[in-house]
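First chain written, first letter: the chains are A, B, C and D, and each begins at residue 1.
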Amino acid sequence: MKRKALTAVFMAALLAMGLTACSSGGGSTDSASESDTIRIGCAIPLTGASAQDGQSIQNGAQIAVDQVNEAGGIDGKQVELVVEDDKGDSSEAATVANLLAEDSTISAVVGHFNSSCTLAGAPIYNQAGVVEISPGSSAAAVTDAGDYTFRVITTDAVQGRYLAEWAVNDLGYQNIAVLYENTDYGLGLAQVLEEAMADLGANIVVQEAYEVGATDYSTVLTKVASSEAEAIIIGGLYNETALIAKQRSSFGLENMQIMGVDAIYSDALIELGGDAANGILLTGYFSDASTSQVAQDFIAAYEEAYGEMPATYAAYGYDAALVILDAIQNVGADRAAIQEYLSTLEGLEGATGINSFDENGDVIKDPMRMTIENGEFVVIE
Amino acid sequence: MFTQQLMNGITVGGVYALIALGYTMVYGILKIVNFAHGDVFMMGMFLGMFFTQSLGLHYLIAFPLAAAATAFVGICIERIAYRPIRVADKLAVLISALGVSIFLQNLAMLVWGTETHTFNSGITVQTYRLGSVTLSNIQIGVIVLCCVLMIVLYVVVNKTKIGVAMRATSHSIVSAKLMGINTDRIISFTFGVGSVLACVAGILVGIYYDAVYPTIGYSYGLKAFAAAILGGIGSIPGAMLGGFVIGIVETFGAAYISSGYRDAFAFGILIIVLIFKPSGILGVKHVDKV
Amino acid sequence: MAQILETINATIKFGGLTAVNSVSITQEEGEILSLIGPNGAGKTTLFNLLTGVYRPTEGNIKFYGEEITGLKPHERVDKGISRTFQNIRLFHEMTVLENLLIANPDCHRESIWEAVFGGRKLRQKRQRVVEKCEGILKAIGLEDKLEELATNLPYGKQRLLEIGRALSTDPKLVLLDEPGAGMNSLEKEELSRLIYYITTDMKKNVLLIEHDMKFVMGISDRIVVLDHGEKIAEGKPEDIQNNPLVIEAYLGKGIPEDDDD
Amino acid sequence: MKILRNPKQKKVLYGIGLILLAAFPFLITNSYYLHVCISIGVYILLATSLNLVTGFAGQLSLGHAAFYGIGAYVGALLMLNFDVNFFLAMIASAVVSGLFGLLLGLPTLRLRGDYLAIVTLGFGEIVRLVFVNWAEVTRGPLGLPGIPSPSIFGFQISGRTAFYYLIIVLVLLTLFVMNRIVNSGVGMAMQTVKIDEIAAESIGIYPIKYKLIAFVVAAAFAGIAGCYYASYIAYISPTTFVYNTSVTILAMVVLGGLGSIPGSIIGAVILTLVPELLRFMSDYRMLIFGALMVFMMIFRPEGFWGASKRVKNIYKIKAGGGKNGSDSGDNQRHN
């Protein structure tokens, strides 16, 4: 009997939770855009392998929202960021996309992070007519995802090619090792590098994949050590880059040059990599050494709010939100109007540079070159 | 390159072996697979980090404290999630274990955040060069500790009084109880020991790779589980052997065939071995009593 | 009379232990043959050899003159050998009727297509199976308990149900492993009536292991005695009763109680 | 539940249920709710099929997502590369998934419980890695976008409502097939294998045969679910067909009640809804979910709707001399 009672209590608790959730979620669905707040969705991974980046994006986007709210909101309305976790899983992303697209108080969405999630959500957003601005999906396929899909990050092709030219033309490397994470992002970048290197006449002597979150790189580094490689280009993120940088010395690769794109830009790279991170070369659009006033204001606000330096994706999250807020300020919170405005947006300065969209909703920006010196990112002029 | 890759494989295998010992011990006693063991390993890492970094203790004090705390976590898991349903369907225990695993992962995320932390133990990694092969003090530590702990465990289980009680419990909880053995205590002890081993593995991984994050237990846990089964679950030398085999096979597979399929080699060898020897390499053949 | 079952030098070793050592027995059509012997004599192991649970290390087993040594247990059931177990192995979570239904070859040989798309014909077939099982239920006296879960039956009835399940496979030979264990004298009488019914009315053969000497002597046509895995005697009940080797085997070991092998 | 005793009342209830299901898209126009319903439908396919393996044949499988994924990839590739009609692709998905079930099951189904669990888990990981690494065909982690919607006789099924009706049809079809299998000699033979393999062999049942049947049928239905999912979301990537998905499906089966079809349905509904309902407490939701799983097993290990509630006379033929087989629920005494 005791068990039965407990089960009953348990079920009742579930039911109660369900009801509260429904009433809080359901109540707002039909209140259109006439409410006293403007709501922006934020669909990012808060659990799973990319949780850390999702958190950065959320923090960055929140800064943009806070700045607007502190300045009195838009037309006297406060802006609210509605955060949903897509777990970095395309199936969950579709659910979240449905949830946000259906909620008519949501004007536009910052998200998703993983290209697979952006692609899974795209048909839903496009059908519902909601703008999604991806802060992290650089895969080529996102270009064709639809009129309502934008991104503030350039495609892999832009940065990958730029990095390859830097390595081959300016630094004179002829034999390159590419280590990439076995995800949509890593593979996309690896493919771009392969093409670029072939065009530039350089060789990729080692091309190896690793799993996100892997801790042991001895196998791939041993392969690099026994090859002719003069530099390692990483198609992955900061955590793994830091580990690779740190472990390379065990294989006699202390002086091996490591290069990467903006995905490795994060304080975590320096923190985890320690001394081994010094000398890493990377391209990017955002840096705490940036001379842009917008970037500096963002960095200051971020540091104050979260007590740490923003990573690349925080800046992208900020820019994605900034673009949406700019649209709302100019044309109001109407979904279609936002899309129309963004499709011709040009020259909006954000933390990651000047944002303009081409006809596919891809952003056009110029990357800069950076390195790490004495544990700090430095822009190479 | 071959010798170097072999060393790499043995080091990784040693870590798997240490975690696999925990799986094997719990299975030996209760005949259940503690699916949350990978997350106990993760907790061990975080606790190690907590005592050294957050409390600023010297590692000689911090690590035993971490081991004790991890043992406590393991014992609590058994108490709360397994003991009430020990006699129920095996599947119920399995689901409960999966629940514990999800719980621990998310607990770690809440407490320490989702980011990767440095371990900062105060022990520095030193590398030695022997011809074309490089070795670090931690690598040597992993391998030596593995062998030592295996021997200690083997002696404890086979030569001591508590070992006799463990084997009796393993044989039949009911009859062990009748013989006056406090089986609950023996089971708690087993979980404690298994968790300490997981913590040791966690700390070694932490020092060696200098990175800790909440989902790290997943892949180590799976591989170690595979290792325990491969070697013959319930067998202490089997867990060791399985760990080294998995470590070496996946390293060579990744090195010479394709690094993208790294995990597939580990599971592939497991499936192949089980098809030909269903009880694992050193496992005892199970004869159904009729 | 035709020979239905024959083992030729059947031997099985588990590691260093020889559980059954070169045992040759035969059973004639129509006779009730019993296996007796003290604890650990290898009686149940011999049953397991006959039903295919174990493969003999050496020796052969023939059924109606046909070599069945290499057949799997379920294949031997198809040939016509079924059995009960010393420690009851009913499908406890199933009902009495289901325990019999599933043993009927027409039931478990239903194909997956039949199961999904079957119509009238299938229903008629199932109806026949149910009727057959009801016949068996009457014979074992459980016709009023058909929807009871097996686990809820009293111990003696469970033994009867297990015999019923063995009969439901439509065997030629039924191997009963201590059918009377745990039964009171009233139930044992019922049991011997059932065994006679099986042999005379159903025209099936019975081979049984039993410890209750009175019961064995009363029911068996012939008895084989095993000790330490070897056949030490065989013959009519009265011969066995007076065989000094048998008496020694038993007295040397004390009074037989439960077989543990 | 006494109301369910009377077969007429039961039929009326079923009827009302069906009408409600059919009318749902008209009552609720919120596409998020519709999407959640569709997800539940997909999970019902996956859970009831896994239930056949784990609940009825008693074999612990931790790789069900692999068959789901194989179905999704086979269906998507056929539709994308060869313009195969959705329904033909779905049949192909079922066949290929089923074949993989056979391929995996043949050598491994003689393994005991935990061993089989790790082998199926390993199989799942290997299949996922093939999706990830066989980039020439699967586009690897980039996934396959732009998977077309089904069309029947030139009529394009698109939009959530159409997909909703399609999944309702698929669910009803699956439930029908599963029900027939479970309530047949084959299904009963599976259960004997789960309860006691040696006893099953002693009455002429070859355990591996029935384990294989369960495995193959379950894999085929998971394949169907995969093909449907691919077409519905219009995009698939390896991240969906991972170990966690297998675990979720297994949790549905066990929480709902092993060996019970209504149980699997309830499990699928609850485990899809609870995380959705817990969204408002995003930081804690998985933590609570994990704890709930543990408590559920402690306080109600047989699940929400355990096998003890099953129909006892599976043949639905009235015994006791009556010649008139009645197919009603007369014998469902234990509700």
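Keep in mind that, in the parts below, a residue touches a chain if its C-beta (ideal position, glycine included) is under 8 Å from a C-beta of that chain, and two chains touch if they have at least 3 such contacts.
Owing to the predicted nature of the structure, the values given are computational and were not obtained by experimental measurement.
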| field | Length of the shortest touching-chain route, subunit A through to subunit C | value | 2
| Which chain has its Cα centroid closest to the overall Cα centroid? | D
| Chain separated most widely from subunit D, comparing mean CA positions | C
| field | Centre-to-centre distance between subunit B and subunit A (centres being mean Cα positions), rounded to whole Å | value | 35
| said: Please tell me the distance, in whole Å, between the geometric centres of subunit C and subunit D computed from their C-alpha atoms. | reply: 40
| said: Centroid from C-alpha atoms only, then distance subunit B to subunit C, rounded to Å. What do you get? | reply: 47
| Touching two or more other chains - residue numbers and ranges from subunit A | 46-47, 182, 209
| note | Residues of subunit D that touch at least two other chains are 132-133, 198, 283, 286, 292, 296
| task | Would you mind listing the residues of subunit B that make contact with two or more other chains? | result | 106, 258, 260, 263, 288, 290
| task | In the complex, go through subunit D and note every residue touching subunit C. | result | 177, 180-181, 184-189, 191-192, 195-196, 198-199, 201-206, 213, 217, 307-308, 312-315, 317, 319-321, 323, 325, 331, 333
| remark: Listed in rising order, subunit B residues that touch subunit D in their complex are 27, 33, 80-81, 84-85, 88-96, 98-107, 110, 222, 225-226, 229, 233, 258, 260-261, 263-264, 266-268, 270-271, 274-275, 278, 280, 286, 288, 290
| Can you name the residues of subunit C that touch subunit D in the complex? | 51-53, 72-74, 77-78, 82-83, 85, 89-95, 97-98, 101-103, 105-112, 114-118, 123, 126-127, 129-130, 133-134, 146-147, 165-166, 168-169
| said: With touch defined as at the start, can you tell me which subunit A residues reach subunit B in the complex? | reply: 46-49, 51-52, 55, 182, 208-211, 213-216, 218-220, 222-223, 225-226, 239, 242-243, 246-247, 249-252, 268, 271-272, 274
| So in the complex, which bits of subunit A are touching subunit D? | 3, 6-7, 10, 14, 17-18, 20-22, 24-25, 29, 46-47, 83-85, 88-91, 94-95, 98-99, 101-103, 114-116, 119-120, 122-123, 128, 139, 141, 145, 182-188, 209
